[in-house]
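Below are structures written as C-alpha cells.
Two complexes follow with subunit A in common, the first pairing it with subunit B and the second with subunit C.
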Partner chain A sequence: MLDFLSMVFTIDFFYSIFRITAPILFATLGAVVVEKAGISNIGLEGIMMSSALFGSLTAYWSGAWYVGVLVALAVGIVLGFVMGFFAFNLKTDIILTGIAMNMVGSGGMLFLVRVITNLTEGRAMASTTSLITANLQIPAVHIPLLEDIPILGPILSGHSVLTYLAFILVFLTWVMLYKTSLGLNIRSVGENPNAASSVGISVIRIKYIAIAFSGAMAGLGGAFMSMYYAMGWSQDMVAGRGFIALAAQAMGAGEPLGSMLAAMVFGFAQAFGIKVSAIGVDSNLVSPIPYVVTILGLVVFALVARRRAKHQHSAAALEKLASKA
Partner chain B sequence: MNRKRSIVFSLVRGLAAILIALAVATLLIFISSEGESLAEKLAATGDALRQLLIGPLFRSSGGLNTKNLSDILAAMIPTIFTGLGVCVMFSANEFNMGAEGGALLGAFVAAMCAIYVPMAAGIHVVFCILMGAVACGLMMLIPALLKTRLGVSEMVCSLMLNYVVMYVISYLMNAHLSDKSKGQIQSYPFESTAQVPQLVDNGSKLSWGFVVAIVFVVLIALFMYRTRWGYAIRMIGINKDFAMYSGMKVAGVIVLAHVLGGVLAGMGGGLEMLGRYETYAWRSLPGYGWTGITIAILAGNNPIFVPFASFFIAYLDKGCNLMATYCGVPNQLIDIIQACIFLFFAAEQFLSRYRQRLVVKSTQEELRLKAASVEGGESNA
Partner chain C sequence: MKKVLAMILALAMVFALAACGGTTETEAPATDAPATEAPATEAPSTEAPATEAPAKVYNVCNLVNGNLGDKSFFDSCESGLEELEAAGRITYTTIEMGGTEEDQPTWLSTLYEVSESGEYDLIICGTYQMPDYLNEVAAEYPDQKYLIYDSEASQPNVVNINYKQNDMGYLVGVFAASMTTDTTLDMINEDAVIGFVGGVDSPVINDFLYGYILGAQSVNPDIKVDTRYTNDYVDTAIAKEYGLSMINDNNCDIIWGCAGNAGNGAVEAALETGKAWFIGVDSDQELTLSADLAAITLSSGLKNIGDSLVWFFDQWDAGEDLFGQNILLGIAEGGVGIVTDKNYATYASDETKAAVEAAQEAIVSGELTVPTAIGDESGALEELRDSVRP
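Moving on, here comes the complex of A and B:
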C-alpha cells in the first residue's frame, strides 16, 4: 500500500494537478461570472473546442504562440456575443443556445478543420496535431527563487504562462465581482433583473458583458488545450471540461475561490487517474473517476448547503424565541 | 390571432429557419468546393446542393430511390425514441441530457442479454430490449432523485453520467467481454433469436423496430395528452409552483418524466443495436441523444411531430453523406445545419415583427367585423 502511495503521489503528480486544472479553471471562471448574471452557459464546451481549433491554426500560420492565444480569446468573445444575440435578442432558450454551440464545437469544427486545411495545406486533415510543434507551444515560466525550493519549487514553478494566468484570474475575477461597479451590476442583474433595470442598469448590456466574459475565459481554456495540454486540435479533445466547469461552479457555490478549489478537486481526480493507469490499471476504469467525483461533489455540496440552511433557520427561530422572552 | 393565421405563421417561421440554415450550408459548401474559376466552383456547389437536397430520394435519372428511402427510415429508429424521451423530459422542463449515455447503455445491456441469456425465439428479443430500457430507466433515477431530493442540477449530473457510462462500458468491453479472437474490440455475436427481424431485406437494416417506434409515438402522444400523468408532466413544465399548490406530487412526477425518458432512450439504443448489428462494437457515445434533443425542439415537444422531425434530420444526414461521398464536402456539415435550424426554431423572437403584423391584421379584421355587426344591428333597430 505504501509502495502504491509513493508511486502515485510523486512530485510530478502534484505538478500535473495544476496543469490539468488550468483549462477547467478558465472555463469555471467563465461559468462563475455568467452564473452571477443569472445565465447558465452550457456552451462553454463548444466555445472551448472552437477557440482551440482557431488558436492552433493561427499559431501555425503566424508562427507565434501568442497570436494563437489572442485569436482563441477573440473567437471565444465573438462566440459569446453570438450566443448572447440568440439568447437575449431572439429569446432562444439559453440551454438550447448552449447545445447548438456544442454542436458547432464538435461536428462543425471537424467540418471546418477539414475544409480549411484542404484550402491551405492541400489536404483535408481531421486534426491539427501535426501542425503544432514544440516552438509553438505556450512557453513555460521558471520563477527564480521559487524554483530552488525543494519539493515546492518543482511543483509550483515551470508551468506555462496560461497556467499562472488562470490562477491570477481567480483573484482578478473576485476583484471584478466584488470591488468594481461592473461586478455589482453583474450580481444585481443576476439576483433581480427588474430591480437592476429600475435603477438604470442596462440589463441586456450587462448580460452581454457577462456572456462575452465567459466566452473569453472558455477561449483561453481552449487555447490552453490545443497549444499546451495537447499539441494541436483533435476531435473530442475538450472531453466534457466545459461541463465539468459548470459542476465546479455549482460545487464552489458560485464564488471564484471556492470554484477554483472545486476545479482543483477535479484536477486531482484526473491526475490520480492518469497516474494509476500509468502503473498498469486499465485506463477505461480510471477515466470515469473525475466525472464520478464531480457527481459526488455536487451531492456533498447540496447536503452541506441544505444543512447550513437548516442551521440558519433554527438559529433564526431560536433568536426569535429569545427576543420574545 | 386566429388558428389559420397562427398555423401560417409557424409554417413561415419554420421555412425561414430552414432556408437560413441552407443559406449558411450553401456558403460553406461554396467555400469548400473544388474548382479553379468562380464558374467551376459554382457548378460544384450546385452539384453538392443537389446531392444534399434531392439526392436522398431521387436517382439522377429521376426515379425514386427506394434503397436510400429505406436507409433514411432505418436511421430514424433510434432517433425517434431518443426524440420521444427528450420530449417527455423537456415537457417537464427538466433539461436531462442523459439520452446520449442512455442510448449507449440500452444498446449495451440489450447486446449482453442477446449474447449471454439464451431464450426461446420470440421472447428473447423482447426481453433484451426491455432489459436495455429498464437499465436506462434506472440510470435516469440518479439525476431524477438527486434533483428532487437535493436540488442538484439534473443537467450537469446527466452530462457527467454520460461519460461515466461510456467509460465503464469501454472498460467492461476491453477487459472482460470482448471476443479475443477478433482484431478489434467487439463482443461475441448475438444469438439469432435476439435479432430484430427486418422489414425489407435490402441491406438498409430497416427492421421491425421502425414499426415499434411508430407505435410508441402514438402511445407517448396518448400518454402526454390523454392521461393524468401526462397532464401533470406538462403542467409542471409550464408552472411548477402552480402544479405544486394545486396538489400535484411534483417530485414524483418529475422522477416519472426522467425515468420514462430514460426507458425510451434505452429502448431506442437496444432496438438499434439488435436491429442493425450482429456484435456489439460501439466505441464511443452514439450521438442519438443530441439528435434527439434537436428533434424534440423541432417537434415543439409534441410526440406526434417527432417522426416528421426525425425524418427531416435523417434526410439531411443522408444528403450530407451523399455529398461527402460524391462531392468531397465533409459530412459533418450536418452539425452546422442542425445547429442553425435549432437556434432559429427555438428563437421566440425570430420573425416577431411578422407575427406582430399578423396579430394587428387579425385584430383590425375583428374590429371591422364587430363594427359592421353593430352597424347592422342599428339599422335593424
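Moving on, here comes the complex of A and C:
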C-alpha cells in the first residue's frame, strides 16, 4: 500500500494536476460569469475547438505563439458575440445555440481546415500537427526563487504562461464579479433582469458582455489545448473539457474559487487515473474515474447544500418561536 | 441590427465562394483526366494482340475520397498504380473526389458515373468511409469489378483487401525490443521497457499489440511492455498524459502509438521529456509529423496499399478469382512492413537491422505465424499483456 502511494503521489503527479486543470479552469471561469448573468452557455466546447484551430494556424502563419493566443482569444470573443446575436437578438433557444456552436466546433472546423490548408489524411482525420514545431508552443515559465524550494518548487514552477494566467484569472474574475459595478450589473441581470432594467441597466448589453467573456475564456482554453497541451489542432481534440467545465461550475456553486477547486478535483481525478493505469489497472476502469468523481462531487455538494438549507430553515423557525415568546 | 445581418450574410457568401473555389480546383483534374485517358484505353485493345502480351492490360479507375499528397494511403495507392502502369500491366485514371463533408455527396455520384461508363475493368477505392457507397453501387452493377482497401464491402463483385496488423506489430516489436537496450543511442536507457499507446481495448487495436509483444519477446524474453489505452482516438492531450506517465514512471524509452490522431500525444510526450523515441503506425509518420516530432520518430509500421495492389494484379493475372472475398495481406504478400529508411537507417545498429530482416524472412518463409487477436476469445492476449507489464 505504501509502495502504491509513493508511486502515485509523486512530484510529477501534482505537477500534472495543474496542467490537466488549466484548460478546464479557463472554460469554468467562462461558465461562472455567464451563469451569473443567467445564461447557460453549453457552447464552450465548440468555442474551445474553434479557437484551438485558429490559434494554432495563426501561430504557424505569424511564427509567434502570442499572436496565436491573441487570435484564439479574439475568435472566442467573436463566437461569443455570434452566440449572443442569435440568442438575444434573434431569440433562439440558448441551449440550441450552444449545441449549434459545438457542431461548428467539430464539423465546421474540419471543413475549414481543409478549405484553408488543404490538409487531408488518408485514413485518420485532419490535423495541423504537421505545422506546429516546438518553438510555436506556448513557453513554460520558471519562477526564480520558487523553483529552488524542494518539492513545492518543481510542482508549482515550470508551467506554461497560460497555466499561471488561468489561476490568476480566478482571482481577477472574483474581483470583477464582486468589486466592480460591471460585476454587480452581471449578477443583478442574472438574478432579476426586470429589476435590473428598471434601474437603467441595459440587460442585453450586460448579457453580451457576459457571453463574450465566456467566449474569451473558452478561447484561451482552446489556445492552451492546441498550443501547449498538444502540438496543433486535431478534430474533437477538446474531448469534453467544455462540458466538464459546466459541471465544475455547478459543483463550485457558481463561485470563482469554489469552481476552481471543483476543476482541480477533476484534474486530480484525471491525474490519479493515469497514475493508476501505470500499475496495470484495466483501462476501462481508469478512464471513467474523472466522471465518477464528478458525479460523487455533485452528490456531496447537493447533500451539503440541502443540510445547509435545513439548518437555515430550522434556525429561522426557532427565531420565529423566540420572537413569539 | 441590419448592418450586422448584412455583415453575416456577406460572410456567409465569402465562405460559400471559398467552398466553391475548393471543389472546382479538386474536380478540375477529374473532368480533364478521362478525356486525355480515353485514347489510351483504346490503344491497348488494338495493340494487345500485336505485341503478343500474354496478360491483359487492365483499365483501372482509382477513386480517391480525399486528395493526393496525403503522404499516406492515397499516395501509396497511387504509387502502386504508377508502378503497374510503368510495367505496362495497366492503364489508369485517378479521380480526386475531395475529402470534405461537402464532397461526400459526389463520392456516390462519381462511383455511379464511372460504373455506368463501363470502360474500366476495375474500380479501386478505399478507407472506412467508402463501404456504404460501394455496397450500393456494386449491387447495381453486378458485372463491374471493384476493389476496396483497408475496409470491407459485402458484394460478390468486390474484392476486399485488408492488412495484418499482427504481422506489422511483430516487426515493430522486434525493432523496438532491439533498440530499447541499445544505450549507445541518445535517450535510450538501460531498462528493457517499451510502450504501447492504443486507442481502445478492442480486437483490432489488440491485434497490433499481440504482434508487438510477441515480436519483442522473440528478441528479449524478459522485455516489459507498458500498454495504455486512451479510450479515445481524438484526445491527443490525454494520450500525452499517458505517454508522460509511461516515460516518467516506467522508464519507457520507445513508444508505439496506435490511437489515430490521439497517438500523436505519445510523440509529443517523448519530445517534451526528451527521454524517449516514437514509432508511428499505418503510414510513414516521419513524413507527416512536424520537424521536431519527426526527428524522434524512429520508424513506422506500414500498410503498403501500393504493394498490395501489385500483389492483387499478380493474382488476377494468374487467374485467381478473388472477388467477393476478404483478403488479409501480411508481410509475405508485402501488405505490411516497416519503414527502413531515414531515421531507421541512421539510428538502428546492424544487429537491429539483421534482427528485423530475420523476423521478416521467417514470416515470409512461413516458419513463423503470428497469432491474431481478432476472433480470439481465449484471453491469451490479456494474459500475455499482464505478464509483461513493467
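Quick notes on this structure:
Note that the second predicted complex is superposed on the first by the 315 of 325 C-alpha atoms of A that agree within 3 Å, B and C clash if a C-alpha of one lies under 4 Å from a C-alpha of the other, contacts with A are read in each partner's own complex, and residues count from 1 in each chain.
FYI, a contact is a pair of C-beta atoms (placed from the backbone, for glycine too) under 8 Å apart; a residue touches a chain by one contact, two chains touch by 3 or more.
Computed from a predicted model, the values in this text were never measured in an experiment.
Aligning the shared subunit A places subunit B and subunit C in steric conflict.
Of the two partner chains, subunit B and subunit C are each touched by A:Asn89. After overlaying the two complexes on the shared chain, residue contacts for A:Asp12 are found with subunit C alone; subunit B is out of touch. When the two complexes are overlaid on their common chain A, residue A:Ile42 makes contact with subunit B while staying clear of subunit C. Look at A:Ile168: by the touch rule set out above, it reaches neither subunit B nor subunit C. Residue contacts after overlaying the shared chain place A:Ser287 against subunit B and subunit C alike. By the document's definition of touching, of the two partners only subunit C reaches A:Leu131; subunit B does not.
In the superposition on chain A, A:Phe111 makes contact with both subunit B and subunit C.
By the document's definition of touching, of the two partners only subunit B reaches A:Arg306; subunit C does not. Of the two partner chains, subunit C is the only one that A:Gln270 touches; subunit B does not reach it. Working note: subunit B versus subunit C after chain A overlay, options 7-15, 25-33 or 349-357, clashing stretch identified as 25-33. In the superposition on chain A, the residues of subunit A touched by subunit B in one structure and by subunit C in the other are 89, 107, 110-111, 114-115, 118, 124, 236, 239, 282, 284, 287.
Here subunit C touches subunit A in the complex through residues 1, 4, 8, 18-19, 22, 66-67, 69-70, 72-76, 99-102, 126-128, 150, 201, 226, 228-232, 234-238, 240-242, 244-246, 248-250, 260-261, 264-265, 268, 271, 282-283, 288-293, 386, 389, going by the rule given at the top. Residues 28, 31-32, 95, 97, 142, 146, 150-153, 155-157, 159-161, 163-164, 166-168, 170-171, 174-175, 284, 290, 293-294, 297, 330, 332-336, 338-340, 342-344, 346-350 of subunit B touch subunit A in their complex. Interface residues of subunit A, counted against subunit C in their complex, comprise 7, 10, 12, 16, 20, 23, 85, 89, 107, 110-111, 114-115, 118, 120-127, 129-134, 225, 229-232, 234-237, 239, 270-271, 274-275, 277-278, 280, 282-284, 287. Against subunit B, the residues of subunit A that register as touching in their complex are 40, 42, 86, 89-93, 95-97, 99-104, 106-108, 110-111, 114-115, 118-119, 124, 236, 239-240, 243-244, 246-247, 250, 282, 284-285, 287-288, 291-292, 294-295, 298-299, 302-303, 306.
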